[in-house]
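Only one structure is covered here, and it is reproduced in the block below.
Per-chain numbering from 1; labels A, B and C assigned in written order.
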Amino acid sequence: MATIDEVKAAEGSDEAPKYKVIGTRPIRHDGADKVTGRALYGADIKIKGMIFGAILRSPHAHANIKSIDTSKAEALPGVRAVATSADLPEPGDKIAELGEGAVVLNHLSSNNLARTKVLYKGHAVAAVAADNLHIAQEAASLIEVEYEVLPPVMDVLKAMSSDAPVLNPDVRTEEASTGEKGDKPTNVAKHIVFEKGDIEKGFADAKYVVEREFRTSTVHQGYIEPHVATVLWNNDGQITVWTPTQGTFSVRSQMAELLHVPLARVKVVPAEIGGGFGGKISVYLAPAAAVLSRKAGVPVQIVMDRADVLQATGPTPGSFIRIKMGVDADGRLTAAEAWMAYEAGGYPGSPIGAGAMCVFSCYDIPNGRVEGYDVCVNKPRTNAYRAPGATNAAFATETVVDELCEKLGMEPVEFRLLNASKEGTRRIDGVTYPRVGLVETLEAIKNSDHYKTPLTGKNQGRGIGSGFWFNAGLKSAVTVTVNTDGSVSLLEGSTDIGGSRTGIAMQFAEAMGLAAEDIKPAVVDTDSVGYTDVTGGSRVTYATGWAAYEAAQDLKRQIVARAAELWDVDPAQVSYEDGHVIGPDKSVCFKEIAMELSTTGEPLIARGVSNHNEPGGAFGTHLVDVEVDPDTGKVDILRYTAAQDCGTAIHPAYVEGQIQGGAVQGIGWGLNEEYWYDETGSMRNANFLDYRIPTCYDLPMIDAIIVEVPNPGHPYGVRGVGEVPIVPPPAALEAAIYDAVGVRLYELPMSPPRVLHELLKKES
Amino acid sequence: MAKKRIVTATINGREEEFLCQPRQTLLEILRNTLNLTGAKEGCSNGNCGACSVIIDGRAVNSCMILGVEAEGANIETIEGLAPGDGLDPLQQAFLENAALQCGICTPGYIMSAKAFLDENPNPTEEEIRFSMAGNLCRCTGYDKIVRAIQQAAETRAEQSASCAKETV
Amino acid sequence: MPRLFIPPLLRPYCEGQEEVVVEGATVLEAVLSLDRQHSGVMERLCPEGKLRAGMSVTVDQNVTPRGLAQKVSPESEIHFLPAIGGG
């Protein structure tokens, strides 16, 4: 659990660490507010005169809306406004770029307030604002909606059949690479194909071929803070949104598009955000709250409850995946083929593209074919969840790999070392890797105390799995102001989900030769900082950190120029090094020069922007020991080690935290979490008791090994960290369960009933 | 609408009187009437622990009891935990161990942990994990939270030892 | 000369080739060069010289934020792939 420099220091090395601030573990700048309850999250925001909204949601998974009568709700005392889709502008057929990709506006708008159809149970149909929440909820229940109930389509393969009821009459199958579209309405929204080499020859060259089919359930990000939006549509037409979001600028664009108002009229103020993991990018409440506020003339706050969050926000898709892989006698992969169908939910847009690119991403495979489908079903419209699309795919591929290792009689680590992707490896989709660290994570696992300690107990087993995520760059902006006392205020637009404002401040401090504590970072609203893309794609420490680095370069240039002027010397004779501005005959520390410049000229303000995209994909390898209870099928985790290439760990404690947290989400996905639907398409476990995310009692400590293979595409070698660690756990657990009790599981989650079922099948 | 009642309770050492509808939960009263928003609403049905407060020495999900039931109770919330000039050992340990990421579960976690350590000042890791299982965290994987509670237990033991010395 | 990789479903329009050597200093110029060699491909790959919604361009291992305006070198590889979003 340490960086390279920390290990060297612990071993008593005299070697100076590479960095002074980077790699240390300062207390986060927002820490005190968050341990004292003072930090204001979405539902803690209170705006003067605010009233409260409630949403009426569909009781049906699939139905046509025949009519909506709001008259009884409007007549209830205390009700101030009612809204339906008729209050949102007609979106037409526009496709808008909204931060993390293209969105069909009609779908986004209809997902906020259903237009002609409801496509999942919990789909928002109408909204009410009233003097208090209880009145609003009562009023919502008085709205009369006449539905024509249609048969629900809940299974991805059934949804693809030609006789399945079609959810969206406007959806045609689009060939991703050619743009060609089918001629009839269908649930299959997109088809993706990648090919490399000669797949038939590849399988002909194989000594062993394994082909398996896998299913994974719909799972949710499970952030503890439900969605909330507070909106004021002011009398001058200016709209302010206070909301916990992964992307204030994305919310601004979505609001402008959905409400048909100029971008500049929308200001989004970020609340502290209580978890997101990809699920807090799309808007669900703010458009309705805006319409209600316009009608009521006062701010409106709408808060979801947990059932709403599970039933009506964007989980990650359930999927069907078929994998076929072949190896030669030496254990080298010769060919691989994948057929993948991901559930998009009510509207198109599953992460099938990423899934199809990730499915064989850990391996150097000469011949391959991947086919992927994006399929609408009567479940909530899926959204990003930590390495979206990759975990489903890795579960399937890694399980087949484990079976190949068994056939070959090869240690799974050795097999992976032999076939691992490395610099120059060409994926099936055609792209080659830059310098990446999969091999290093495998070696880190192989050298770990965990790997070297044999398992001896009955019903115990060990499994390994690897995973990949691309990471992203995108746009970020940072503004800094030097205060007269030499402290620095740093403004940024990346909402901080896990301590990132400190990671950004640390990179600025490193570049300036200052301490992390000298910097005061703040996440500010869309009117107060330059455009910044979402907190997602593991991009913030990389990209906003880079913007902070650029702001430091700008500040240093200004300080040098101003000092030269002050000292009346040639600027070429002045430099800035290690926290000091150095002239021909003097060296002045940052604090002193800041004070001096503040009394001799204009304020010192610097800016930095970034839109680099060499994020250096990242890999992780996880090792897990389990014990399976043969009587119940329950899987207990005995020991867990996760190694990940993090490039350079800026704040190692938070890097470990990302690895541990991601691994545990993957464990939940692997062992417990699933949406249970009944035959009417109704989710039967929409609460945290029955949708069971891991508790601390389910887990041991998670040993996080930070592997540092610096990313050549970043000034400090940063790679994104957050997403990779969710990818390997289900596959590693599957291999461990097999090792323990000799049954294979091809379906997630590997919950006690499923494991027990397989055990009983094996016995009989 | 049912008639409102006047309820009197001690909150963070101060006597508070509030008006309360019979259907309002204590969490709603704390957050909306008393503006003590440190307790968070994560699930509204006692599954997540984000609303944990301490009532008469016991950790309680404040979404699961009604405001009117708080009559005469001694309630401690996260807002009352820190001494004037610093942080409680639990708060400090959470920061030093990076035991929070998004931080939404943190106030509830700290209050639950406080009630737990008051009962069991020297717990094993197993006891910590068992007793904290009612508080969900989705960010950290719990590793650093458990370590923070272990560290806080040590600090509290040191503090009470030095307190005892001073008294002698 | 830059190499433009052809998505499988477009290979029939390019005599089955997996990649085509093209000319040009930007992705757009490379696509125009491809279209001169294999008429009609551009209309499917990026109609009217614009990236279709949901698509992205990767040049030399990285998705480019500059799209078709991205500069390419004679050693560059160009790929058209589905756009992906992170969590």
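Going forward, a residue touches a chain if its C-beta (ideal position, glycine included) is under 8 Å from a C-beta of that chain, and two chains touch if they have at least 3 such contacts.
Here the structure is a predicted model, which means the values were calculated and not measured.
Engineer: Any idea whether A-C or A-B has more C-beta pairs in contact?
Structural biologist: Comparing A-C with A-B, the pair joined by more C-beta contacts is A-B.
Engineer: Name the chain whose C-alpha centroid is most distant from the C-alpha centroid of subunit C.
Structural biologist: Using the mean of the C-alpha atoms as each chain's centre, the farthest one from subunit C is B.
Engineer: List the centre-to-centre spacing of subunit B and subunit C in whole Å, with centres computed as mean CA coordinates.
Structural biologist: That gives a centre separation of 57 Å.
Engineer: In whole angstrom, what separates the CA-based centres of subunit A and subunit B?
Structural biologist: Taking the mean C-alpha position of each chain, the two centres sit 30 Å apart.
Engineer: Note the residues in subunit A that touch 2 or more other chains, in rising order.
Structural biologist: Touching at least two other chains: 221, 276-277.
Engineer: Of all residues in subunit A, which touch subunit C in the complex?
Structural biologist: By the definition above, subunit A touches subunit C via 95, 97, 100-102, 174-180, 190, 192-196, 221, 276-279, 281, 351-354, 356-357, 384-389, 429-434, 469-475, 536-539, 611, 613-615, 713, 720, 722-723.
Engineer: Can you name the residues of subunit B that touch subunit A in the complex?
Structural biologist: 23, 31, 35-45, 47-48, 50, 77-79, 81-82, 87, 91, 94-98, 100-107, 110, 125, 128-130, 132-147
Engineer: Could you list, by residue number, the parts of subunit C that touch subunit A in their complex?
Structural biologist: 5, 7-10, 18, 44-45, 47, 52-55, 58, 61-65, 77, 79-87
Engineer: Under the definition above, what is the set of subunit A residues touching subunit B in their complex?
Structural biologist: Touching subunit B from subunit A are residues 25, 27-28, 30-32, 34-41, 43-44, 46, 134, 221-226, 272-277, 303, 305-306, 497-499, 651, 653-654, 656-658, 660-665, 687-689, 693-699, 701-702, 704.
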